[in-house]
Amino acid sequence: MARIDGRSSGDLRPVRIERGCNRYAEGSALIRWGNTHVLCTASVEEKVPQFLRGSGRGWVSAEYAMLPRSTHQRTQREISRGKPNARGQEIQRLIGRSLRASVDLSLLGERTIWIDCDVLQADGGTRTAAITASFVALVDACRWLMSNGLVGSMPVVHQVAAVSAGIVAGEVMLDLCYEEDSSAQVDCNVVMAEDGRFVEIQGTGEDALFSMESFRDMLSLADVGIRRLHALQLEVLGVGDLHEILAR
Amino acid sequence: MARIDGRSSGDLRPVRIERGCNRYAEGSALIRWGNTHVLCTASVEEKVPQFLRGSGRGWVSAEYAMLPRSTHQRTQREISRGKPNARGQEIQRLIGRSLRASVDLSLLGERTIWIDCDVLQADGGTRTAAITASFVALVDACRWLMSNGLVGSMPVVHQVAAVSAGIVAGEVMLDLCYEEDSSAQVDCNVVMAEDGRFVEIQGTGEDALFSMESFRDMLSLADVGIRRLHALQLEVLGVGDLHEILAR
Amino acid sequence: MARIDGRSSGDLRPVRIERGCNRYAEGSALIRWGNTHVLCTASVEEKVPQFLRGSGRGWVSAEYAMLPRSTHQRTQREISRGKPNARGQEIQRLIGRSLRASVDLSLLGERTIWIDCDVLQADGGTRTAAITASFVALVDACRWLMSNGLVGSMPVVHQVAAVSAGIVAGEVMLDLCYEEDSSAQVDCNVVMAEDGRFVEIQGTGEDALFSMESFRDMLSLADVGIRRLHALQLEVLGVGDLHEILAR
Amino acid sequence: MARIDGRSSGDLRPVRIERGCNRYAEGSALIRWGNTHVLCTASVEEKVPQFLRGSGRGWVSAEYAMLPRSTHQRTQREISRGKPNARGQEIQRLIGRSLRASVDLSLLGERTIWIDCDVLQADGGTRTAAITASFVALVDACRWLMSNGLVGSMPVVHQVAAVSAGIVAGEVMLDLCYEEDSSAQVDCNVVMAEDGRFVEIQGTGEDALFSMESFRDMLSLADVGIRRLHALQLEVLGVGDLHEILAR
Amino acid sequence: MARIDGRSSGDLRPVRIERGCNRYAEGSALIRWGNTHVLCTASVEEKVPQFLRGSGRGWVSAEYAMLPRSTHQRTQREISRGKPNARGQEIQRLIGRSLRASVDLSLLGERTIWIDCDVLQADGGTRTAAITASFVALVDACRWLMSNGLVGSMPVVHQVAAVSAGIVAGEVMLDLCYEEDSSAQVDCNVVMAEDGRFVEIQGTGEDALFSMESFRDMLSLADVGIRRLHALQLEVLGVGDLHEILAR
Amino acid sequence: MARIDGRSSGDLRPVRIERGCNRYAEGSALIRWGNTHVLCTASVEEKVPQFLRGSGRGWVSAEYAMLPRSTHQRTQREISRGKPNARGQEIQRLIGRSLRASVDLSLLGERTIWIDCDVLQADGGTRTAAITASFVALVDACRWLMSNGLVGSMPVVHQVAAVSAGIVAGEVMLDLCYEEDSSAQVDCNVVMAEDGRFVEIQGTGEDALFSMESFRDMLSLADVGIRRLHALQLEVLGVGDLHEILAR
């Protein structure tokens, strides 16, 4: 079955990552994934949350927000509503967990890397785009730590990228755009490392329950998509494989 | 390997549900799951969120909070901190999605059922306890709607319950208590319906990545645990099987 | 005149206190006073508010909240409304003052005992129930301080309990339930120590003014009620009289 | 025993009320009570809170705040701290109850009178000063309603004023200034109507318990003080007795 | 053309400044400028904002608020709305900048002078009244620092005052009252030092654009007005000219 | 004197405007002005603020925010700090006033155009960049209203653009970058229409007072800069002069 935009079920939308898009951040990446555009920066702060003080370990913390007109209809800013957006909080917790999984926090030392993901334009898959681009920003921030002699060895130890898959009109599809996502029966977000192991899997059926079999089908499609994203990340980072990053 | 509390890897902690614990709510249930105690109420409100007005459809919305001393160390109230707790927001969104999956919202009519889950004492697994007990409260609230002639047929169409599984010290285990959860390498929450299909699956590896194989092992343990919880829910609700609920 | 629930004017509703209901708190008590259920915990924190630092004196601070469906109609959580509930603030200040009166703050040392009172179900008299049960929790927290060698002598020096009285349909009554309270012309809350002296008296006439004579009648009824509550507290604490507590 | 400022135990500080101090408010009064200065306005709003809509009854609502430098040390504004001041909330609830007791809300019609009490300078007794001056502002606002034909008969039906009494160094005293209040063992606020009946009595012993006997002594002193304040209010309002107000 | 209140275009409204109106503040002034009344206090705090710690320099920070009934219609308090008023924030930033320009912050030492401007009654020109009176309060606070030996030389080095000018019905006018301000096509606020140089100029045309020529006309009127205000400030401060202040 | 980046005193930095950068907004423009990058969208909402309901007139409202890492050091989000940033509030009020001056609000009808200005990267002059680009977005939003038949004639009636000037090390300069701005003695923002008349002028001397003469010099430089910006706006909008816009 042809999809809205002509893709076949296992196709990703075109993805480009512009590395170093921000001149101040220690690492940054602007991802354009179809019509979803997310600006990600990685900022080094020389302190850690209360619960880690004195531990010798670092932290990676993520924040996620959408610009008011990143969406079809303008949405009010969080500060105007007076409270954080619950969906955004859920997403930024996912991004934070995913990137912490890529880092050996004891190698990072007592400092925090703040990941800021701001959605400039949203057409589905903003959380997976944010994770995928933030990994690039995070590597550059860690390289900056290395080249400034702040850490002795590369804190990044795994490569992470993320993609969505779902069931729309009974068919399993990779990388849902907004219109597909809106009508999806099941939605699944997968975060995976370079060796095919999982960092996080979230499968949700709001309009329909899903069987183990269709869940496996979604995971299979996701596996294919993430391998392509891993390759793109390496290319953007200018390395042939992950070991070149780790070796620095 | 023996667990902290002597359970084997596939054992649930003892679970009791006290139905109708609140004299005002249309439905209520206090669940005592090991040392985790959660008070759940289901309240009927005769209006729906803005986006559903005029749609003829209803809504199920969940709120989750922990009493300050439900935890080992006292935690500050959200209102004292001045902002919602992000973890709590993530959990209440999960509870809301899970219970909406059990209801045919068009049968509910333009009204909201508010699910309030307040953790009196926390020893791991509060979100799965909340979902499992809230289902009982939700059924009673829907029965109340039926017996008051507010709905024509039973809005509950699926039975949902939830359990956690995880990998601790390399071993896959069902239903982690707090101490196990704190040292878990991987943590998985599964929400499942009466027919074995999934409502939601969340697998997270913060301290370790996880393979497809160990993920399947966790899902298998969860499957066993949830079947027991489904049986307990039916017993507490005083029915032999789900059809007795649907038939009312 | 017979009351709604058949009590005579000077009767208390049945009161039960379940001591040690929370496994983490240094002291805890769940009070079931008629249909009013309040869960009270006493938590020790090893610091004091700014204004007491360096003074060698401690503090007792209370917080009070109602679960959303503790009431006939569901009420919104404070964090959802975005601001503290003014009535709750007034009540928690009363609870704090009342319990501070029972403690010699200089014996407590520079630490705070947090009293958390969460109303699970409300049928009138929640503030007096909270004070009465919190005293039990507070004694246990102070015993914990004693047995852990953190204080040299028992900081609790007075026993406090509280009850309401009011005028309903022209008649003076003890311990108003919600329905009586709603139609009361005058409402009075009395907090009293073991020797019959007062900690706090609040008399309020919203729908009617009240004379000195009827005020005295309310105080007399309150006196009788509080003596019974004092006896119950001692029984729950497993002592014959207050001196056994002080002696520890 | 001579007091700090030379008064005897039953003396009020000098009290002056400047009526009509604000050119926009329907009623206003600036009270200078010793060094305590409070600006009170009464504003008519042609709507009522939700719970009164359609009832035909009105409401009186009070707000109380202190200017940052009304106190010896500058205090932060509520909006800068991000949350309401709990003491202020307790006080404004007292002011609101007291003034509602002076009004027949069904004569007011479905409108609200907002009482704003802003403390310009604080030297003890701000809440009693606020109540005493707000009554003057409230009468003028009700006269404005009368003269504009918005109400058919005078909504004010009782005259209310308030004063504090306390026990300082073992001695019962009327109208505590800040320095006395800071060292008081017992503090009592009394709101009384023209016929000697009470609107509200609040007695608090933070540093000491108090007996019925000393409580009566405080009430006796308060009675004397309030009668003088009643006379002052009438004088400021330009009437010989309360009936002249009611008659308009 | 005669103005609403009979003034000619270059006339100020009558201005009076009551110095020392607050008994606690290190400096204070109540300005009555026509029907605009603003109470200004200057409070010394022995610490500075984070960015100045260790710099040896001080700070001047201003806060501005309106009492709820300072306006024709009652306005809600900021704390009730839950967020700061944007117009107030803009104004308090202007006041802060203006007064910092009058002080040599390195002479002040590491302390903050808080300027609190509370509008008791508003009839246009509240920000210029606040600046003009706050300068008086600020001088007194600095004199207090001098006389208490906290600073070695007078931190105030410039005299600042402010006035508005505008174009109403095509005519340039000095010192707009509220009614004029509401119908002004152009509004201009000017803050000027004793030597005729500017601290701040803000010209705004919401309903009309304005030419360089009319802008100059407004500045000329403002120049005249501010010279009169400078003279009034000196008179209130009890000095013949600015050097007498600086010399202390 | 050569400037940091080699410009002469009257030079603008290179400015590019990417029109239509957002696929959902009715109008949008991304301005890159030196290293300052601001994303501006104009969104049509079919309602107006309360005070305009029933007036037949429309409104233009602006919001301004900086991404956390738009600055040299990461700054906390407003929602994390829990309150709006005061500087941002001042700026968004300026943007709003400036753009309202370009529109005939009665031609707009009862609808609001929301201008969202989000700073992606800040190197000085963000407010003037925001105004200049927002005008482009606003014109496109009004063209959209025209082409959809929602308004009968073009609501935009003036062209507005803005630039800063300042005095750095005694020299008057156009268009300060961040490093210049940080050391500026005087800073001036000018908003001007196509006919050379002013919309808004703000001159501020925090570290130095400024004379009328140097103020005029700043306005002269600003005049030159804005004319270039006006030309750029027309070019980006694809018109030869403003009348082509008005004619549509």
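Letters A, B, C, D, E and F mark the chains in the order given here, with residues in each chain numbered from 1 onward.
In this text, contacts are C-beta pairs under 8 Å (C-beta built on N, C-alpha and C of every residue); 3 or more make two chains touch, one makes a residue touch a chain.
Which protein is which chain? UniProt says A, B, C, D, E, F = Ribonuclease PH.
Since we're looking at a predicted model, the values are computed, not measured.
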| item | value |
| --- | --- |
| Magnitude of the superposing rotation for chain A (Ribonuclease PH) and chain D (Ribonuclease PH) (Cα, nearest 5°) | 180 |
| Label of the chain whose CA centroid is most distant from the centroid of chain C (Ribonuclease PH) | F |
| Interface numbering overlap (same over half, different under half) for chain A (Ribonuclease PH) and chain F (Ribonuclease PH) | same |
| Whole-Å gap separating chain C (Ribonuclease PH) and chain E (Ribonuclease PH), where each centre is the average of the chain's CA atoms | 51 |
| Inter-chain centre distance, chain A (Ribonuclease PH) versus chain B (Ribonuclease PH) - centres from mean C-alpha coordinates, in Å | 28 |
| Of all residues in chain D (Ribonuclease PH), the ones touching two or more other chains | 82-84 |
| Residues of chain C (Ribonuclease PH) touching chain B (Ribonuclease PH) in the complex | 22-25, 28, 35, 39, 41, 43, 45, 63, 65, 67-72, 74, 77-80, 83-84, 114, 116, 118, 120-121 |
| Chain E (Ribonuclease PH) contact footprint on chain F (Ribonuclease PH) (complex, rising order) | 83-84, 86-87, 89-90, 92-93, 97, 100-101, 158, 193, 195-206, 209-212, 215, 219 |
